[in-house]
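What follows is a structure written as structure tokens; I'll ask about it next.
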Amino acid sequence: MIIDKSEIIENIQIADGIWQMVFKSSGIADRYLGAGQFVSILVDDNWEHPIRRPMSIADVKDNKVSIIYKVFGSVTQSLTQLKSEDYIDVLGPLGNTFNVDYNLIYPILIGGGIGLSPILNLSKSLAQKGIGVTTIIGAKTSNEHFLQHNPNNNMFLCTDDGTVGINGTVIEALNIVLKDIKNPKIFACGPEPMLFSIQKMLDKKSIPGQFSVESCMACGMGICQGCAIPNNNNGYHLVCKAGPVFETNEVRFD
Amino acid sequence: MIIDKSEIIENIQIADGIWQMVFKSSGIADRYLGAGQFVSILVDDNWEHPIRRPMSIADVKDNKVSIIYKVFGSVTQSLTQLKSEDYIDVLGPLGNTFNVDYNLIYPILIGGGIGLSPILNLSKSLAQKGIGVTTIIGAKTSNEHFLQHNPNNNMFLCTDDGTVGINGTVIEALNIVLKDIKNPKIFACGPEPMLFSIQKMLDKKSIPGQFSVESCMACGMGICQGCAIPNNNNGYHLVCKAGPVFETNEVRFD
Amino acid sequence: MRLDLTDLTCKIGSVKFKNPVFTASGTFSYGNDLPEFVDISMLGAIITKSITYELRVGNPPPRIVETPSGMLNSIGLANIGVNNFIKDIIPLYKNIDTKIIVNIAGSTNDEYIKVLKDIESVSSDIVGYEINISCPNVEHGGMELGVDAKLSNKLITELRKQTEKLLIVKLTPNVTDISKIAEAVEEAGADAISAINTVIGMGIDIVKRKPTIYKTYAGLSGPAIKPIALAMVHKISKTVSIPIIGIGGIVNGENVVEFLLAGASAIQIGTANFRNPNVGEIIVDELNQYLKENEILHYSELIGKLNLYE
Amino acid sequence: MRLDLTDLTCKIGSVKFKNPVFTASGTFSYGNDLPEFVDISMLGAIITKSITYELRVGNPPPRIVETPSGMLNSIGLANIGVNNFIKDIIPLYKNIDTKIIVNIAGSTNDEYIKVLKDIESVSSDIVGYEINISCPNVEHGGMELGVDAKLSNKLITELRKQTEKLLIVKLTPNVTDISKIAEAVEEAGADAISAINTVIGMGIDIVKRKPTIYKTYAGLSGPAIKPIALAMVHKISKTVSIPIIGIGGIVNGENVVEFLLAGASAIQIGTANFRNPNVGEIIVDELNQYLKENEILHYSELIGKLNLYE
């Protein structure tokens, strides 16, 4: 883990309100362990926003690190103002990685909303190893999608309003996909309600899975104890340190 | 007085740490009354700095308004980042003007530090009316000057370190200049210690004058009562409303 | 579906206001002398700067300074005094299309009573009083009256006898338990509570090695104190049943909704006026917009509608 | 002229520290498990997170949220408990090249005493204790002990009997008059005072219509509270003669100078660690730089050297 003033190589809008930023950081690239890990960024020296913003790593190529972000509030808004050759203050890599025991299972990857970033990363890295996967990406509407719905290639998009891909949530898509698959294991990242629904479904069908979860973070490195998420033992995990990836039965959303 | 989102036409460094910004605002230009008035600017929507920053008007030409500013702290620092075609939120024009009864007196203009902005403005507007004036501009060192020392043209620069013009403060320059002048009246703007010294000198020699003074302002329009400066009646003037220009004997610096 | 009609009318005691967006004392003069671009008829009410018995010239400068997301001020209750207020300002209120509430301050109980009585004695369009109990009180060793429940109760009991108009008490946040003070002034007959006044703070100029404000200690306001104000409004709302007017760091319509949810029935805008004195009108618009988007007919449906976790 | 040698050595009670830059409780774990780029040997001291008798899992999420120039937290004193602390953490301090101060919290006087006694009973490299009296106390109806001068005095008197090590008391700012509490703990034998702990605040999520923090009320920290902290440190310094450790919104070397001028003998960095846990080292550098540029040999020449206007 380091703090790096990283030069921005690219910062472009790729879908409605969704941006991709690529920055140079050999320090972070060298320490990177795999999909699931994240960085935490500081847009400027402004203390109106004292806290860094965590962003999943979407890709690492040589010394280039990518993130994909959605414009939510003021910090992600000012992030869009940065241009190539500007510098950004990045802490990372943080957290753990998905752990795909691919000999034993068939990976189904599910990304919803801004949760697609680690999922795309995982999908790409498994593809590079020649491992077959099925990927489901959910969004509210087609404008938020920047990928192609391609069932033949095991890439399923779905939208709440049916404007592209399957009409419905990722749960509906998952139900369709599951029909043809033996020994599935789910790898998912997305909003809490989505993960909660998936968790209930997997539980019922006794399908294993891993979630990359979110939580409000102040430090991202285990020193503030802010990022707690309930475990199944009347206690809490620290998402930034024990996570963000957990086995689906290790976390509680209720 | 209006609040205007004004388009920036130019924003350039003109001397060491000194910048000039020109922006378009017919609203402010139309309401502008003369040298001495100021605007109050907001660099962005950031609430880390809740308060606008007052800046003297250095020039108004058609619908173009200029300010000259020195980089002090974070707000003036971020001001330098703005480029032409960016927008800036400006409140103005604010305050009163110098009042040069030029039939009766010979105007000597003195600007020190960031106080040179209204003085250059006054000098220019008197020159346009064909009125002869002598101007003295002080700075710590030559790097902060962007004008030419030109005694033949009644333009005197002075520096604390003697690197350009007269070696010494504006008081020394004033003493030299005063020798040849009948019915002088002083028009000055600059740091408080400078104005205080000039005030004591004028008082001793019974020379009249007007000062444009500074004070910490929250509103710039008479509603916060923050910008008080002692009057000579055990009370206070509001600099933003009764000023910033006062007769030299109307204000107290002790 | 989006509502076309929303209702911002607001009632405090028996007084009706156009909307719950008021301007805070000391940040909007006496409601006069504002820039021409400010349309005060858009505001629910204007609270005047604090009026004392004698005129006060205020404190020596520096009186104000910026802090992170806030500002410190120590104006020293500079105001024209009750006589000039009655003579020069009250007549202007005939032509003003919003409600006026007079904020009163004093160094002794007697001073508060005299100011209020003098204003009561003339016919006027004023709808009520806001009592600023955060002033140093000479009868109690310079201590702020507003930190003591008994003293606050006593003052408000006396003032209540003098007027049938709206009597609002503005509380100081610089106390261990603001609920106690709130209870005491409710018991004394206050119609409503304003909260909060500024938080005691200090700034230091390391170059001059002096405080940034002449009087050393000063009042902190602005977005920095919004979390403090929300906590206090919420606590007070759990204690008293009279309406609360929320104050502290409000700069936009969303902030208003926060205060309503915390339990405020109306709000006041302070520091934000200095940036744009027309912010009140903008906030009224934003609030209307919010109600429409969330299909809320009357803004009061939001008051206190917070779902606690536990 | 510029000084080449400056002196940051700091003494509180009989303990010498490398410099007056400490890290605040709850913002630097137990001084272990920090990122490898953090050089803790640059720090004057580390204050551990609050240790209680039993381990505590802490509060349900959300526990933290950002506010303008600040943050709210309600971690709920999550910590491993004194036994695990003694077993797993204290042995690590042998190899740590900075001083360690253990912060202690409890729900009853007895709990504080038990924790302190247990740590005293093992030989260790700990130089002292910081007593967090801002916790809800079950013996006093859930009220924070630290808002009551008598109760604070009683607790510190008892703890003083148990140790000769540095005994520092960390005060809560949520009181009417912090000087009273400061006097009471000085009288009880405290070696120093830390001020301030977080200010009570609240945030509201208008979409969820819920508090932004599970426990409704939470602690405000960061630059937003710096003016409040400076005022309190200054007030305390006018009242007691034991050293004060200033805390609240410090993010750089200039902020440290402000606290020194206000009367602090050392400072702690809290929230700023979350942005960069190495900020302590940077601040030590900045402080050194400041001393050089201002030709100050020993930093203590700045302590309390504020020129008031009146």
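Think of it as A, B, C and D in the order they're written, each chain with its own count starting at 1.
We adopt the following convention: a residue touches a chain if its C-beta (ideal position, glycine included) is under 8 Å from a C-beta of that chain, and two chains touch if they have at least 3 such contacts.
Since we're looking at a predicted model, the values are computed, not measured.
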Applying the touch definition from the top, give me the chains sitting in contact with each of chain B and chain C.
A, D
Cα centroid separation between chain A and chain C, in whole Å?
46
So how far apart, in whole Å, are chain B and chain D when each is placed at the average of its C-alpha atoms?
46
In whole angstrom, the CA-centroid distance of chain A from chain D equals 36
Chain A-chain B separation of Cα centroids, rounded to whole Å
54
Chain B: which residues touch two or more other chains?
47-48
For chain D, which residues are shared contacts with two or more other chains?
60, 68-70, 222-223
Based on which chains are in contact, what kind of graph results: line, ring, star, complete or other?
complete
Please name which positions on chain C make contact with chain D in the complex.
60, 67-70, 72, 147, 174-177, 199-204, 206, 208-211, 214-218, 220, 222-228, 230-231, 234, 249, 254, 257-258, 261-262, 305-310
Name, in rising order, each residue of chain D that touches chain B in their complex.
68-69
Can you tell me which positions in chain D touch chain A when the two form their complex?
26-29, 33-37, 49, 57-66, 68-71, 73, 75, 78, 222-223, 251, 271-278
Please name which positions on chain A make contact with chain D in the complex.
1-3, 42, 47-52, 91, 215-219, 221-230, 234-236
For a test of understanding, state which residues of chain A touch chain C in their complex under the given definition.
47-48
